[in-house]
Amino acid sequence: MVRTRLYRDGKVEREDLALEEIKGLLAEEGATVWIDYESPSDEDLSAMETILGLHRLAVEDALHDHQRPKLDRYRTHLFLAAYEATLEPGDGGLAVNEVKAFITRRALVTVHGPGFSADRLTERWDRETDVADHGVAFLLWGLIDLLVDGHFDVVQDLDERIEDLEDALFDDHSSDHDLQRRSFELRKALVRLRRVVLPMREVLNTVLRRDLDIADPAMQPFFQDVYDHVLRASDWTESLRDMVSSILETHVSIQGNRMNLVMKKLTSWAAIIAVPTAVTGFFGQNVPFLGFQSTLGLVLSLSLIVGGGVGLYVLFRRKEWI
Amino acid sequence: MVRTRLYRDGKVEREDLALEEIKGLLAEEGATVWIDYESPSDEDLSAMETILGLHRLAVEDALHDHQRPKLDRYRTHLFLAAYEATLEPGDGGLAVNEVKAFITRRALVTVHGPGFSADRLTERWDRETDVADHGVAFLLWGLIDLLVDGHFDVVQDLDERIEDLEDALFDDHSSDHDLQRRSFELRKALVRLRRVVLPMREVLNTVLRRDLDIADPAMQPFFQDVYDHVLRASDWTESLRDMVSSILETHVSIQGNRMNLVMKKLTSWAAIIAVPTAVTGFFGQNVPFLGFQSTLGLVLSLSLIVGGGVGLYVLFRRKEWI
Amino acid sequence: MVRTRLYRDGKVEREDLALEEIKGLLAEEGATVWIDYESPSDEDLSAMETILGLHRLAVEDALHDHQRPKLDRYRTHLFLAAYEATLEPGDGGLAVNEVKAFITRRALVTVHGPGFSADRLTERWDRETDVADHGVAFLLWGLIDLLVDGHFDVVQDLDERIEDLEDALFDDHSSDHDLQRRSFELRKALVRLRRVVLPMREVLNTVLRRDLDIADPAMQPFFQDVYDHVLRASDWTESLRDMVSSILETHVSIQGNRMNLVMKKLTSWAAIIAVPTAVTGFFGQNVPFLGFQSTLGLVLSLSLIVGGGVGLYVLFRRKEWI
Amino acid sequence: MVRTRLYRDGKVEREDLALEEIKGLLAEEGATVWIDYESPSDEDLSAMETILGLHRLAVEDALHDHQRPKLDRYRTHLFLAAYEATLEPGDGGLAVNEVKAFITRRALVTVHGPGFSADRLTERWDRETDVADHGVAFLLWGLIDLLVDGHFDVVQDLDERIEDLEDALFDDHSSDHDLQRRSFELRKALVRLRRVVLPMREVLNTVLRRDLDIADPAMQPFFQDVYDHVLRASDWTESLRDMVSSILETHVSIQGNRMNLVMKKLTSWAAIIAVPTAVTGFFGQNVPFLGFQSTLGLVLSLSLIVGGGVGLYVLFRRKEWI
Amino acid sequence: MVRTRLYRDGKVEREDLALEEIKGLLAEEGATVWIDYESPSDEDLSAMETILGLHRLAVEDALHDHQRPKLDRYRTHLFLAAYEATLEPGDGGLAVNEVKAFITRRALVTVHGPGFSADRLTERWDRETDVADHGVAFLLWGLIDLLVDGHFDVVQDLDERIEDLEDALFDDHSSDHDLQRRSFELRKALVRLRRVVLPMREVLNTVLRRDLDIADPAMQPFFQDVYDHVLRASDWTESLRDMVSSILETHVSIQGNRMNLVMKKLTSWAAIIAVPTAVTGFFGQNVPFLGFQSTLGLVLSLSLIVGGGVGLYVLFRRKEWI
């Protein structure tokens, strides 16, 4: 599926251009073209390769998945690989959608799978009209800003999940199994998020470098702003890893605690139960003990059972073992 | 709520300026203006944006919360985001108040919520009269110094709490549950504090860079002094993280210890209790054992019970199991 | 075993050259020679040393195993040491094959053991015909690309194994012993892989440095592409280490969990069993208790046993201890 | 308490100077003055501030405790903050004494509490006569060398304590509680020591920087020597942290071990005790079993008890459970 | 004990020189002198200090033990401190021998204790005749190469020990106590080795720096080769630390595993044993139960005991608890 847009003087002049006319448009001063491919075929990209003079390696990277987030410099264009991140609802894991882009002087070509919606990108652009006349730099900023904002939302959601987990940690009625599964899922999501977020620092660093000539002085603060977002997302991710570790360690300690409590209880009840066993054992002997086959024996037996049991119960109660 | 101050020659000339006259004042050589907004509306800041020529992105950052501590450079002004940190009383967690500031050549505009008290800031400024004639640099220094001093107080309080925790760690009468909760809370506070304190190093670094032209030679040592504070606070925070980890690990080890002790006790008492069970079982048999239905049996039974029980008790006592 | 190839103008002109003619060929402009030694003798390499003017230390490194992945610069040539990595099938460990290479202006000499197949290398070269006229740079790129692709495949396989391990982690029917062994093997493979992969970053960095004059502008993007691969493999390896740690820690926590469950069950059943013991002990006494030697006693005894047992069972069931 | 010394040409010319004459002496070429304040009042330091032209912030730092070890540069002088470290005897913790110093071209002013003895400093200076003619650089070197030597002694003592702890770790007769307390104390001392030692690297780095002009070529090797000491102390501290962690982890593992042994013993004895219980239970039944109320029963009972008990004992002994 | 050698034109011209003639020899172009002191007295080194013009601090460092591995630069000479490392046989720890050296333009003076054998050093030199005419650089290279090779051997031995430990880890018949002691010893050896190996990177870096003028172009690859060795040894040491940690953690997890198994067994047997206890308790009551004092009772009792016991055994067997 292909979508296109022609910008001139910060306005969307036309949409749905024919591929044939793009070459002509790219030669015109002041025209900026956006081309979006959803799940393009090899042929689609070959056509682009010819029209825009893209490097074969960049085109290959665009076709193959699982790229590292990066901004590669080729002689006549740049190639961006980045990820949109979302959290699956419930306690679901992290889902990522790969987005790639070719950046030439007058065109932005975005390539992605069906998971990423180009509508959200155009919405982002249409919301920001002040700097829309900055051509490709503006389009690129909109794209990266959208992705980084998404990362940030994920970090915030994970933070809330961790807060919930903290509450569950000290709640005696929460299930250990559930706690373990959730903290493991969180840790996994954080490990994956990190791999998506951290390299963005380098991407933004490259964009901000003056010699690359993307971010003109007026766009510079906008990219700087995104860069600040990336740094916050990175810092926060690291903090959250720390928190999940703390939760896991504290949980192990709490388990040890419960074990001790259970052991104390077990010991106490075992001792209390031992009283009637010992007493009735004694009075069950075939030897003429005091009260043998007489009511005195019954009284003695009962008193010892009740007295011993209650005595021990009180003792353990005081020690807070029961 | 708006508060203002006009400084001239290191003295507070007037307070409560009308917003209309500020524009004129900013044009006068030697005048420095402070404007403080508590929970400003969008309109308040738009007005400022026009009067001071602020960058739209900076104004947006001022309106949105959860900024990373930073000092952003725009063409005509700087934008500071930082946090005041306080510990909630009791064993409470870390509370933070976001403070933002626009720094132009002749004006400092501070923006914050109701949690941060501007009175403490004016007190800080009024206490330091020697360098009050350094205009905006002086005002900025007073602000950062106040915040960093606050971070430092928090670190010191956390240090004391950790000392208390250490005492509880080796105190047999302290509750495990309480220890776990407190150490978890401490760890959480440290993780959060770190996110507030560490980026301040970069902020101060930016201020101290000569090309930025904020800190003139006379103010340089003052900012350097704050920078030293930030470094101490950072180092100390890291040490405290280390200590809390040590406490948690030692606690797990102590729990293992207690478990072993409980197990030994349990084993010992189980063995002692087994004596009367075995003996009375024997003398309860319907077979003609030695002393069957005779006083000899009773004597034998009692001797074995008492002798065996006491013997085992002494044995375990010597092994220090009981 | 020796294999050779002569490239001219990006085409394979001949294979199976005699060693004697190589010297002559190396003097011809436009000729590029590849020589491959499988398990060469000392004499083989001495011959090479003379023909190509190799440094004695490089030749020694080529003969001795367990080199660190590196690219050494000698005055007239380079020396590369790197590893092919493969995972043994099943849950096997990491197997590595050392590959060394001398790189002169017009020749690439590869040296390896029987584990590494030179056929895969020629296949790699033959698949990429566009830049085959870049002489030694092309050959070197093909070699490094093959090795790094292999590293990447291993990382991907390990990722899948870890996914399997995660599933086993929360599966109640999986064997602890098996889980421990597999996670240990994974950790070991990751430690080893790291030692193979991480130094490749430095190797590629050296290749990409302009002063070394290997990668001409047209080859630069190709080496850059491999470098990106190396970075992804490194990042991914680190993430996997993190995941294996999480699995191990979570497993310890799950064990603690199970222990608590077993303890609770144990305690519950012990209590239930104590009921008939206590009751029949009581009714086995040789004292005239209520129902002594009468049917009333039997009824009482049975009621107490059944009632007490069922009562406790219901109680523990409600507490979810059983 | 004030102490003073006047050096000229590498010799101590006079001691106990009056504060009034110091100003004159500082103007003389070739004179170097040392002034030592133990617990000075605010007035003492104000006097110094005037005479030596010290910066107000440096003087404030000298009055306030808990400075980070640092070497601050002011326009006309330097300010040093550092710590003397000592270990309290027995298994005591780390004690630190703060020492501060102002370094001008011709004077060294040291400020400290009663814990630090100035005598040890003069001893240090008097022992080293070769470079005593290097003025303030010599005095400063003596001071830093003394402090760093102290750090080193502490590290060495801690190393010995850790060796003792290692011995206790595998000694079955050592107390767990004691081990835990000692390893915790060691860890705490190391965390604190680290905070004192690590910043000294930066201090020495600053001293050694040529632009600061303290260490003339002849003094350079002496400061370099101290720097080597600092590096050793830092490295060693890190190693010790590592060792203490190893001890703690190994201890947890040993506890697990003991637990397993205790559990095996418990299980074994429980099984052995179950034999007479089961046998005498059987022979205590009111049913006509083989040997009911006859000597045969007694013989059977005794044989089963002894045979079963001994048999199980031998079995467990072989499995090394008992 | 003193040993000497005079090199001229890459040949050993004489050995056992008199100290008196050394001064003369050092003035001759083309002569290189090696002087080796085993456990020298203060006087020995004072003599050297005078003859070679050594710096007093370097001589002091040579006399005092426990130097950090380093290469110090003095005006007229260098001072090297490094360690020979060996593993004590069996499961012994790491033994280190300190070796120090003064390096002047025409002389290498080595200083060491009785543990280091100078014979191995001369062997090393005599094996490498190609570059023996490079004077002091050659001698220095031989020394460092010998030490680093030793480090490498230790790393390889430790690697093998760790392999053995891994085998023991999953071997059910290995002793926990032994495993713990061995892994602790390994960890300790690695911590110590690290302190010896890591600083060698800096030493080699200093040697390779061009401005120091030790390694002339022909020697450069030789020192580079040693540097590669140092890097491999460092990397490997880090990997081994990682492996030992994995072993320890896996061991704790295996212990938890065993504990669970023991607990399950314990529970199962306790339940089986409870059957005869309950049954015989019932049939031992003094109430007219079914089969009271008749053969029917015996049959019932025996059937219940055997049936219940076998039933539970089969049940637990299926659950794999026994």
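Each chain carries a letter (A, B, C, D and E) given by its place in the written order, and its residues are counted from 1.
By definition in this document, contacts are C-beta pairs under 8 Å (C-beta built on N, C-alpha and C of every residue); 3 or more make two chains touch, one makes a residue touch a chain.
Note that the structure is a prediction, hence the values are computed from the model and not measured.
**Student:** Going by the touch criterion stated earlier, list every chain that contacts subunit A and also contacts subunit E.
**Tutor:** C
**Student:** Check every other chain and keep only those touching both subunit C and subunit D; list them.
**Tutor:** A chain counts here if it touches both subunit C and subunit D, which gives E.
**Student:** Between subunit A and subunit C, what distance separates the C-alpha centroids? Give it in angstrom.
**Tutor:** Distance between chain centres: 25 Å.
**Student:** Which integer distance in Å separates the CA centroid of subunit B from that of subunit C?
**Tutor:** Centre-to-centre distance between subunit B and subunit C: 41 Å.
**Student:** Touching two or more other chains, which residues of subunit A qualify?
**Tutor:** Only 252, 256, 259, 263, 266, 270, 277, 281, 284-286 qualify.
**Student:** Using the touch rule from the top, order the ring's chains starting at subunit A and going via subunit B.
**Tutor:** Result for the ring walk from subunit A toward subunit B: A, B, D, E, C.
**Student:** What does subunit A use to touch subunit C in their complex?
**Tutor:** Listed in rising order, the residues of subunit A that touch subunit C are 55-57, 61, 66-68, 70, 72, 74-75, 176-177, 180-181, 183-184, 187-188, 191-192, 194-195, 199, 248, 251-252, 255-256, 258-259, 262-263, 265-266, 269-270, 273, 276-277, 279-281, 283-286, 291-295, 297-298, 301, 305.
**Student:** Report the residues of subunit E in contact with subunit C in the complex, numbered from low to high.
**Tutor:** Touch residues, subunit E against subunit C: 130, 166, 169-170, 217, 221-222, 224-225, 228, 231-232, 235-236, 239, 242-243, 246-247, 249-250, 252-254, 256-257, 259-260, 263-264, 266-267, 270-271, 274, 277-278, 281-282, 284-289.
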